[in-house]
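Two complexes follow with subunit A in common, the first pairing it with subunit B and the second with subunit C.
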Partner chain A sequence: MRFDAVVIGGGNSGSAAALALVEAGLKVCVVSEGLSLGVAGSAPASIATQQNPPYARLAELSAKGATVLRGDSAVSGNWDGLKLKSVVTRNLADMPLEADFFVLATGKFFSRGLLSDMEKIWEPVFGADVYFTPGRETWSDPDFFAPQPFMKFGVLTDKEGRVLFGGKPAENLYGTGEVLAADSKALDINKLISRYAGK
Partner chain B sequence: MQENNISEANLERCLKCNLCTLVCPMMEVNPEYPGPKKAGPDGERYRLKDPAYYDYALKYCLNCKRCEVACPSGVEIGDMIQLARIKYGSQAKRKGLLGLRDWTLASTDLVGSLSSPFAPVVNGVLGTKPVKAVLDGVLGVDSHRTFPAYSGQKFTSWFRRQDQSAFDKFVTYFHGCYVNYNYPQLGKDFVKVVNAAGYGVHLLEKEKCCGVALMSNGFAGKARKQGELNLASMRKAIAAGEPVLTSSSTCTFTMRDEYPHVLGLPNDDVRPSLMLLTKWLYGKIASGEVKLRFRKDFSMKAAYHTACHMQKLGWEYYSIELLRMIPGMELTVLDQNCCGIAGTFGFKKENYVHSQNIGSKLFASILDAGVNTVLTDCETCKWQIEAGTGLPVLNPVSVLAEALED
Partner chain C sequence: MEYDVIIVGGGITGAATARDCAMRGFKTLLVERGDLCDGASGRNHGLLHSGGRYAVTDREGAEECIRENRILRRIASNCVEPTEGLFISLPEDGLDYQANFIAKCREAGIDAKAIDPKEALRLEPAINPSIIGAVKVPDASVDPFRLTDANVLDAQRHGADVLKFHKVVSLIVEEGRVKGVEVLGHNDVSTKKIYAREVVLAAGIWTAALAEAAGVHIGMMPSKGALIIFGHRVARMVINRCRKPANADILVPGDVVSVLGTTSDKVPLETCDDMHATPEEVELLLREGVQLVPSLATTRIIRAYAGVRPLVVADNSGDGRSVSRGIVLLDHEERDGLPGLITITGGKLTTARLMAEMTADLLCRKFGVNRRCETAEKPLPGSDGRKARFEDPVEQRAAIGRHGGEVSKMDFSQGREVLCECEQVTRAEIRYAVQHFGVRNISDLRRHTRIGMGTCQGSFCIRKVAVALAGELGDPSLADTFVKEYLQERWKGMTPVLWGDTLREGEYMHKVHSL
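Here is the complex of A and B:
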């Protein structure tokens, strides 16, 4: 199963990124573990122009020719060094999704884009670099209404929005939306389109 | 996935977001149904307190699993409702004539075996007005419904005379009740396609109905026995190195997912080898092992309907992509909607109106698409869509068979 782009996550940011890619003529697959209300989000700028809530955007994506895997979830990746070759999903298991590039848009703690235990916070699909402060007592502020430190935690990227592994950027895995740390740079959708749409 | 989760069917992960409510087809037409959130995780809290809280309106659940596909938290809402019906709703099993109706609708193998030898008579009699009136008035089978016709020759009888000895590699076919008693042509098409791919076909040593109709009509014990028998036969085929392939999305879903989740039958060893023919075939073509040659003069304008259980399996991609490989195929993929029949559910008089109201949206979208054929991997969707639109409905396997070069 080969696509130009595979977007992991069908929430606010994932569906908006996927829609922009489909409209640019790319062959896109979206893996959406359930629907999303998409109320929160540091979504790409294009989100402002989206009329539909993310769950309705999935139908729009299907209608525009994207492959939407509903109720499926990404389990792991197959790598060649720092190049992501394909993504394995729960439902399709033995037939991984291959693509030129991939977008990680799995959201934060609620959507389990980030998981935590007493000591650490991690990104479960690929094990990407995650920013968090050491010591669980530093993660939250007892003042409920204060800005909560854990909301700044998330996946780290380079200046092009490529996801970091051991401090080095993956060649073709980009991050966007809530899964990213507050200070991480999200993918630039227009740059991605101009880079891949002509190919 | 959250670790250290101890609740059955992921009850504790429900965030009350109501996205399941958004997609439930029954809630759109029937205010008596409390909906997946209330019937599932909310109701479960009550039922755990006291089974007396069991709500008989759970009978309206279609078991379409669209709630589970929509759930962002992995709560197995549909399983929870099915399990509650089995665990707490058994005293609601209907007595008397309606009980007889439910038992008859659920006993696909027995009724099929008894009917096939007398197919012309049975088909004729079941279609007559006085019989329909009796079925409707006395047994509660809605008179708008026509039972799928019985075939005079069972698929297994036809298959016994097919020579498959020329092949050196084989797949095993779980044909299901519908192919065996009602529509052997689909089974014949299955054999044609598999043979064209260079494989021979074996049948399971023993095959019983997957049990989906038994489960939804309150006969879980019998379903479990049949499931054990099917799994034992499948293990033998898999041990011989053969995948077990199917042509019905619901049978496949039932045996892969409902066996462990609802009937408590572990099948981890069988699951990876049990799949629809379209998934297996797509994989073989994608890896380059199989190449199919299609006719040049084939032409069809069709709409593909993703059956609910196909959606839950997540495998519609394979059927759609195979269909797109056929030259002359003009394919429209329909928006995700339930057809409303849900197996034996829609045959019952008390459900007929709901069944039609749910289906109406899908029927309209099909008629709008301006196609001459509808394609789907589910046999009960086929009955519903044929009745609702007047268009012929085919399984993708039959279309592949028809499009193959001779």
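Here is the complex of A and C:
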């Protein structure tokens, strides 16, 4: 299946990015596993999900013609050098999703955008560069209510928002939202639209 | 006011001793500086030993365990889950130890039966498939909180007084004799003196400092044990390693979780008030634990914690090598020429009733009375055979399992809503805990009801619970503080194990509760 854009992750950031792309006239696919916590500070995912912006947005996306793959998740990508050709999802193993560009919006640990073991933290779909501090005793603050260091960890991008691999940016894979390391430059979705909408 | 006996320490030993003293007719007071089970009694495996673990190295300890094991199944049926236990041999352990183990178990009166490894794997599919041998023993799972509560309730029903949240600041020594204790309540500015004919120290590792203040030296060696709780039951039975006792070779199922432990490290006395598991201990526990049950490597860890064993250095041995894990009963009149003071320490959760019996026997001799111990025959409150039945309302069944016939004291007409889903705790049970155990916060409530002890550890329910508890205490404004204290305490147990699914949960907790 071919799209203009595939957004991986239907949480707050993914659904917002997808909506902007759809409204700009792009043909968009959203892969949403449904593990979003919603917007921090509003109702948690376990209750009243329809009140949470991302869940409402997924419905709006469907209504506006986007393809929303609910309950599915990306498992790997097919690459040509640093250009991402397609992604493979768990449910559509033999039908890769092709697109001109891709947006990684898989969130942090809860939504499994980042995985961890005793020693390290990694991004499981593509193996992108991830910022974290060595030694897991540095990952948390003993004060629960203090800002937690692990919330700063995440995927690294360049100033265009392109995901880094071994320090080099992928051509057409962008990152947005919580999956990114803290202090990452926010993805400029309008710039993306002007770049790809004319094609 | 004067008591016959003041018992210092509201752990299982003090609670059992208070019960025995009260049943023998002594005017008894139990003093505890915090809540019941604040120390080692609330920081252990929850294992009712068959004695198998000690059969090879400590025959006397093994015999005590199996006797007490049988007694507790009878008198505390609502606290004991008769899971049975397995001692498994891995290829590197060989089978020589097993042969000796079985022989020694039988000598101690422990029913140890070798079973075919295939049969063991059929009984417990999660255990290491490379086992070469397995022995079945009558281990069991015991809820130490509930057991302590039951002892305290029974002591009270036999006339004992209980003073919680009162720290013993010193022993009153007058005319060369201990005459009582000086206590300071949590909310008090000045101390008060309480007198008794005999004072019994049953304060675990904190006993040493209390005795020292009265000029008596007890050589105690704090031995730290760290444990890990996993998010569900990976095995039905207690799983032990059939080898010389070592680190992390026991996995105990308890209610809806599993507990792996333990380590054994000498620690300084002054650290005993703030025990927590370290990342190194966690790594050691996991490395060894996966040998018992490989799937522990991928099972969600709920948290890690640690307690302190009050080991006693045997008298006349200053080098600290001769350490007893057995029961130590010290008559300080005889030992140090200080009448009015007795220490009961060492021992195990499993043998607490016996420790109490020995202490009360000594008190009988001192008071010149002859009253028989009845604690092994009379069931504890809640151990009355009342089991949850199909006809029982669904929201009451878990409470019946926990408290037996004591549920008749809970008012389900006002508060049948379930607040803690994992452990099925209702508002009625919360009210019962407030009324009967003087609960002041969620940590206390947890010890007396199992609220927040299940797989979600309070992540989902804690606000509901806090509001309900604050309401029962008559001050709704307390709810926010309750939540904060509880989450901070939980965080302490999560940070040493914060990776994988535990880190996922950490992010969830942080987002939902810290804002």
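Here is the rule we use: the second predicted complex is superposed on the first by the 184 of 199 C-alpha atoms of A that agree within 3 Å, B and C clash if a C-alpha of one lies under 4 Å from a C-alpha of the other, contacts with A are read in each partner's own complex, and residues count from 1 in each chain.
Going forward, contacts are C-beta pairs under 8 Å (C-beta built on N, C-alpha and C of every residue); 3 or more make two chains touch, one makes a residue touch a chain.
These figures come from a predicted structure and were not determined experimentally.
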Partner chain in contact with A:L37 - subunit B first, subunit C second, else both or neither: both
Touched partner set for A:G25, first subunit B, second subunit C, both or neither: neither
Subunit B versus subunit C as contact partner of A:S140, first or second or both or neither: second
First, second, both or neither for A:F110, with subunit B first and subunit C second: both
Which superposed partner A:F150 touches (first subunit B, second subunit C, both, neither): second
Contacts of A:S62 with subunit B and subunit C, given as first, second, both or neither: first
Which superposed partner A:R70 touches (first subunit B, second subunit C, both, neither): first
Overlap of subunit C and subunit B interfaces on subunit A (superposed complexes): 37, 110, 112, 115
Touching residues on subunit A, where the partner in the complex is subunit C: 37, 40-41, 44, 46, 108-110, 112, 115-118, 136-137, 139-140, 142-145, 148, 150-151
Partner subunit A, residues of subunit C touching it in the complex: 279, 283, 460, 484, 487-488, 490-492, 495, 498-500, 503-512, 514-515
Subunit A contact footprint on subunit B (complex, rising order): 1-3, 15, 17, 19, 22-23, 68-74, 272, 282-283, 286, 311-315, 317, 333, 335-336
Residue ranges of subunit A touching subunit B (in the complex, touch as defined): 1, 33-37, 55, 59, 62-63, 67, 69-72, 89, 91-95, 110-112, 115, 124
